[in-house]
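Chains: A, B, C and D, in written order; residue numbering restarts at 1 for each.
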Amino acid sequence: MILLLLILPAGAGIIAFFLASDRLRRSLLVLTASAHFALSLLTWFFQPAPSMAGWLAEDALGKLVETLTSVLFFAVSFYAVAYLREEQREAHSDFEEGFIFSNAREASFTGCLLLFLAAMTLVAVSQQLALLWVAVEATTLASAPLIYFHRHHRSLEATWKYLLICSVGIALALLGVFFLAVAATNPDGSTTSMVVRDLSQNARHLNVPWVKAAFILLLVGYGTKMGLAPFHTWLPDAHSEAPSVASALLSGALLNCAFLGILRTQEICVAGGLAPFTDQLLLIFGLLSMAVAAVFILGQTDYKRMLAYSSVEHMGILAVGVGLGGAAVFGSALHMINHSLTKAMLFLVAGNILAVYRTKSTEGVAGVLAVLPFSGALWLLGFFAITGSPPFGIFLSEFAILKGALDQGQTLVAIIYLSLVAIILAAMAGPALAMAQGNPREPITPPVRSIALRTAPAMLAVGVLLFGVYIPPALTRVLREAAHLLN
Amino acid sequence: MAQVINSTLVLLVLSGFTLLGSSRLAACIRAVAFQGMLLGLLAICLQGANVTMTGLLLAVTTAAVKSVLLPWLLLRAMREAEAVREVEPLISFNVSIIAGAAVLILSLWLGQRLQLPSQPPSSLLVPAALFTCLTGMIVIVSRRKALTQVMGYLALENGVYTFGAAVALRLPVLVELGILLDVFVGVFVMGIAIFHISREFDHIDTDKLVALTDHLS
Amino acid sequence: MAGLLFSFILFGVGAVASLVFARRGRWSSFAGAGGVILGCTCGIFPVLHVVMGAPPQSLRVAWDVPYGTLYLTLDPLAAFFLIPIFLIASLAALYGTEYLEVYRGRKEIAPPWFFLNILTASMTAVILAHNAILFLMAWETMALSSFFLVTFEDEKETTRQAGWTYLVASHTGTAFLLVMFILLGRHNGSLDFDHLSVSSGSGILFALALVGFGVKAGFIPLHVWLPEAHPAAPSHISAIMSAVMIKTGIYGLLRVLTFLGPMQAWWGLVLCVIGLSSGILGVLFALAQHDLKRLLAYHSVENIGIIALGLGVGIIGVSTGQSFVAVAGFAGALLHVLNHALFKGLLFLDAGNISHATHTREIDQLGGLLRRMPATATTFLIGAAAISGLPPLNGFVSEFLIYLASFRQIVSTQTSSIVPMLASISGLALIGGLALACFTKAFGIVFLGQPRNECAEHAREVGFAMLGPALVLASGCVLIGLFGAVVVEAMKPLICNVTGLMSADVERDLAEAGNSIARIGAFTACVIVLVALLALARTRLLSLRKVSTAPTWDCGYANPSARMQYTASSFANPLTESFAMLLQTRETLTGVQGLFPDKAEFHSHTDDLFRNRLFEPLFHTIGRAIAVLRPLQQGRVQLYVLYIAVVLLVLLLWQIG
Amino acid sequence: MIAGSTIPLIIALTLAPLMQSVISRTKAIVAGRAGQQIAQPYRDLWKLLQKGAVYSDTSTWIFRMGPVVTLASLLLALAFVPFGGFHSLAAFSGDFIFVAYLMALGRFFTVAAALDTGSSFEGMGASREVTFSSFAEPALFLSFAALVRYTGRLSLDPVLAAIGPRAWASAAPVLSATIAALIIVYLSENARIPFDDPTTHLELTMIHEVMVLDHSGPDLAMIEYGAALRMWLFAAIIVGIAAPWRSGNRWVDTLIGLAAMLTLAVATGLIESSMARLRLLRIPQLLLVAIVLSALALAF
């Protein structure tokens, strides 16, 4: 079943490269997404058997990330099809600088999308750390072409930074994996396999300095991919230049996968009694990320960059939650879900706004509620959700994390956390509200666009609202298991 | 055997300095290729007596990819980009070499902080690996051309490999190959990117790639 | 409980229906208003039942969110606060059906109806909630829905600005509440209100509650959002927000007091200080305003101050063991909650009538409306007299109780606790005097004399839907003025609940206070009778004599024109001058020039002191401090990789070395 | 409610106008004029009642209500003031608060009536009235507080009853400070020099008088009578503190009280003829002095 989850998108991806007919390729995309979605839902009812000697298995954490990815991809695929249908084929002029540019081949875009899905699924299900590494690197390679869909210099620059910075980070992560392998060698030369469960089972016998070094390397390496400050530098560029479809997946799904890499290591370290050390680092980088996000959200004039930095903030929150440990980890896991749904929705809506207003500057956009009532409403909903006001999911998860902090007497952390969240709210409220409300600068007549462009974000919005008022017991159970893995 | 390993590692370090020191792209590429070859050698030597067929094959493929395929990719990219054949560093070569020296000391120190649990084939192994990684980083940070940054990345990878070689025997073949494939595709994609960059800006200086910053009010 | 649950359903139906009928003309108004009115009416019965002394009812259902339970409780405290909410909300809804009509065609009027239903529902939920998560959710939903109502006229820049301020302020307040509830729930895991308790450091929790709820209630200096948001909103929304929504802050404070264990004297002291500063500064800023609704908004700050003062006196009474002081103080505060709801709702609705009829809220543009809008004028007069705390109206009764409590404390203790009492007495007196000045100005300039421009000239009285609510509220003011004793007697259970005093003592003291109030009721009735008799006598006299009309005595000036009438600004000038240091009014004067001066101009504007001198500087400092880090992200990929390298090395050296 | 008698009320209603005439007579004598007859105020009232009325055509029913409400509230307020040996007609704990606010009610309507005419002069007067009264209120309440704290009673009648010669022996400073404060308030509330000059003829300088420029006939009568009652009310309270001798026989006590009222009136007259009107800006400062005095009374 797990293999199926992998082979399905991978195969479809390869086929997509060679399919001539757009219609066929698009339907292939949607079909694969739906099948993958259906499969991952099945895994909630029938626990899939581990395969490849336990290298591929779906524990609670993996299940969360995998399902989340699948859900997002499902919603996004509809959007993508509509988006591709409406994208101009021939060369067209860039709305910011006016030069002429053309898009990449749709075939390769679709193909990469599917391969991207395959890679992310692999990240979620692989229990073997080296394999995990391979998968993470694969996500980078599969997603780079997505960012460079619009063939112009800005997206190229973004792609280059993404490639280089992430590759460097990932290389360090590989070193970390090797370090861990070293740590796993007992003095007599015998070794434990690199499968997470085995490692955490005899984590007590691991060689401490090497584990520490390994954790640092993996934190920096995967942290780069996850967008923890100060390694986040590629993130705003990539998210703002990629087409909204890609931005949604990058922010909603990819970052979680990278975080999963860190969580696996954390799992081992916690089992090895190194929690104080790792928690300390996670807290530092988490709060740092939130602070950096605050710095750049304040006075931000590009709304896609604003969303990107908000992703940095929420990655920080995830790290803080895990770093706090205890009840906060549950909150962190829940937060991962809420953030992914909300942020993906916001990026898709941003895509709609961008398509109509043809500018990414917050000053350029006004009166979305008047021009695009539905998207405008979703935008406001997303804004309130992402800034953590009830009745949306993020409120609950942020509350849980805060409670964790205060219950453990981490008052300082709690204060910094709260004040940063408050600053970011105040900073985002200005532009986000100004965009939605009021009247457009010059009268705009919105073009008639495909319904899918509204339904896709709406699907996610339902989730955002649902998890704010009701968390299904099954989900709670899995979240608890996941939290238990990290405590 | 130990002498071979040690001398290989020394050569590795020297090639690192060449990478830092040489002013011509081609020379740098050759340095990186040489590192690749050394890696192959190292992999074989580290297996020592109980050398297996797969181990041998892996070492050879690695060496081939790293010392032939990737450099060829880079040379091709260089030709397509019609880049100036100079390295154009942000900091002078002397400074880079001094930095290299500093890094060497650092990695030696770290090396003896981090003792391999099992008896290491050579005390130089860890320092050399770390040093190579860090030289790669220095190159990325201190050079202008996108191409040089790829070389830096390769050097970094080589460093990681050097270390990998020490523990590689315990990594399954499949993973080894996966890693190799990733690196290869990575460099391949970067090559394409460089090609596009040169076509877009008709040069490959990354300090022109600064359009994307925050225009904050 | 069932009734209340049903009213929740009705609110929901109303909300949805108003959106469904969005394209069906007035249907959506009827649907929205219907939801609110029906919901409130069927909610009021269980509430009254509990107020009459029925046992508290509650409902607890498990809820699949972390720490959350669907736990509603209708106890006397909740019931007391629900009465004004239901009353004002339903009246405002009725008012809205006519008020919003002018926007039809220009704007979508379904959303305000949707959010009005949500707002009413969430306010009800806030009062009923007995679990922290539920409370916070309702609390924030209340903030959000009211935010959307405030920004109804979002085409105006000022409105959007007000919305931003309101949003940020209320979220910041909520942050404090989060911390408070978490700390309260720390001991025994659950966040149900029954389990909230505090072992040590109740002072910190009180401070947190004070700030968190103070933002909503509008304590100075946390009031900055209030004078922006209330004028921006449509008038019936301003009425709801000012009359009942900000009271949820007071409710929260009282509710939390029941968790905090024994009250400490300094809490009362702090509340007295806050109350006095809010009261005095609030009315002073109100005096300086030219915009009628802004003036009313500042008066909300003032009245919240009076309420806080009452609470402070009460708490001091509790902590010094003076049960009468405690009872009278709390009773006064609670009664003022009710009274303020009545007359402030009334005044905002009338302000709505005025702007509806004249299209301006500038006091100095109006005048002579009494002849043109008699019903509005009369109700406004009643409201004005009530808010100035004059007998025979309700405002006096509650202020009297607070006075009485303070005087009693002076009599019965020799301790230092009389200093705040003296402060509260003289403060109340000053507030009373200033409020009188402010509302003689508001009423006199707006309704009396001659109209100052065409709009006022051609104003017409508004329709029934907009007058009816005002009439109801006005009669409410009179009734409580006469029969306040009844209300006070009914407060026994909730005062016991909040103060934790012996039921017997509370009963005795309430009886004593009620006695005075009953007398006041009787004597105010006498005033009314006397007035009637004198008026009668006067008419009888004049009926035998010659009664003629003439132009106003102009002290010899040839032909006075309407523009020569005393303006609001000049009326308030002596007072604003004496407090210029606090008000910092900006004045621009282009005096007469030349031999034959054609035109001279004078403008004055009074910004909010705390906004200008406290919060804006604060925000700027934060902004500047943050801006220092901006160069981090300046596009050079080399630099970015350098960050990675440096951080990596630092970590390795720090942890391994 | 204490079993009170109507006597203080009757005395007030009948003799109130006398105070003003005594004051003006004193002023006249000091100024070396013959001055008006003692009964002149009654004549004026009677004459005004005979007259018809002229109303400004901008004015409304508010204008007509002004005098009525003012007079009504004062009539009721007087019911709480004891005089001489006689208890007040009514009393309940906290009644002095009620009295103060009744006068505020009167002020509200007087001011409204003034604004109703739309005359800028009357607006000016109204503005000054509300300004000064809002400074006078705290002084009044603080002096009440001083009395309440000293006597331990919460109602006007018992408070005054509790102040006897012994009280003066024991707490002279408290009482004298309070009286000083009350006298200042009494002067300002009744628009006497140094706050306002009732006999001035320049509208620009008036405070109270200018507000009633447009009233005529019976309305004016009510206003004049109301003014007299207000003065009596304050005077009665002051006298109640200042002349606390009790002989046991109520009528004697009442005579003592009347004598005291007379002296107070004469004193007022002397003050008025001995000093000039203050500049408007100075008035709040004098009222602040009153506040300070009553605070002092509390400090003792």
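Rule of thumb we're sticking to: contacts are C-beta pairs under 8 Å (C-beta built on N, C-alpha and C of every residue); 3 or more make two chains touch, one makes a residue touch a chain.
Here the structure is a predicted model, which is why all the values come from computation and not from measurement.
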**Request:** Moving only to chains each one touches, count the minimum steps from chain A until you reach chain B.
**Result:** 1
**Fill in**
If chain centres are mean C-alpha positions, then the most distant from chain D is chain B
**Asked** If you tally the C-beta contacts, which comes out ahead, A-C or B-C?
**Response** A-C
**Request:** Report, in whole Å, the distance between the mean C-alpha point of chain B and the mean C-alpha point of chain D.
**Result:** 100
**Request:** Using mean C-alpha positions as chain centres, tell me how far chain A is from chain C in Å, no decimals.
**Result:** 44
**Asked** How far is the middle of chain B from the middle of chain C, if each middle is the mean of its Cα atoms, in Å?
**Response** 69
**Asked** Using CA atom averages as chain centres, what separation in Å is found between chain C and chain D?
**Response** 36
**Fill in**
Touching two or more other chains in chain B are residues 113-114, 137, 140, 149, 206, 209-212, 214, 216
**Complete:** Check: chain A positions touching at least 2 other chains come out as 160-161, 164, 168, 172, 209, 213, 236, 296, 298-299
**Residues of chain C engaged with two or more neighbouring chains** = 627, 630, 633, 637, 641, 644, 652, 656
**Prompt:** Among all the chains shown, which pairs meet the touch rule set out at the top?
**Reply:** A-B, A-C, B-C, C-D
**Asked** In their shared complex, at which residues does chain C touch chain B?
**Response** 627, 630, 633-639, 641-642, 644-645, 649, 652, 656-657
**Message:** Going by the contact rule set out above, which residues of chain C touch chain A in the complex?
**Reply:** 63-67, 133, 136-137, 140-141, 143-144, 151, 154-155, 157, 160, 163-164, 167-168, 171-172, 175, 178-179, 182-183, 185-186, 619, 622-623, 626-627, 629-630, 632-633, 637, 640-641, 643-644, 647-648, 651-652, 655-656
**Fill in**
Given the complex, residues on chain D that touch chain C span 1, 49-60, 62, 64-65, 68-69, 71-73, 75-76, 79, 90, 92-95, 97-98, 100-102, 104-105, 107-108, 111-112, 115-124, 126-128, 130-131, 133-138, 140-142, 144-145, 148-149, 152-154, 203, 213-214, 217-219, 222, 280, 284, 291, 295, 298
**Asked** In their complex, what parts of chain A are in touch with chain C?
**Response** 160-161, 164-165, 168-169, 172, 209, 212-213, 216-217, 219-220, 224, 230-231, 233-234, 236, 277, 281, 292, 294-296, 298-299, 330-331, 334, 369, 384, 387, 389-391, 395-396, 399-400, 402-403, 406-407, 414, 418, 421-423, 425-426, 429-430, 433-434, 437-439, 469-473, 476
**Fill in**
chain B contacts chain C in the complex at 90, 106, 109-110, 113-114, 134, 137, 140-143, 149, 206-207, 209-214, 216
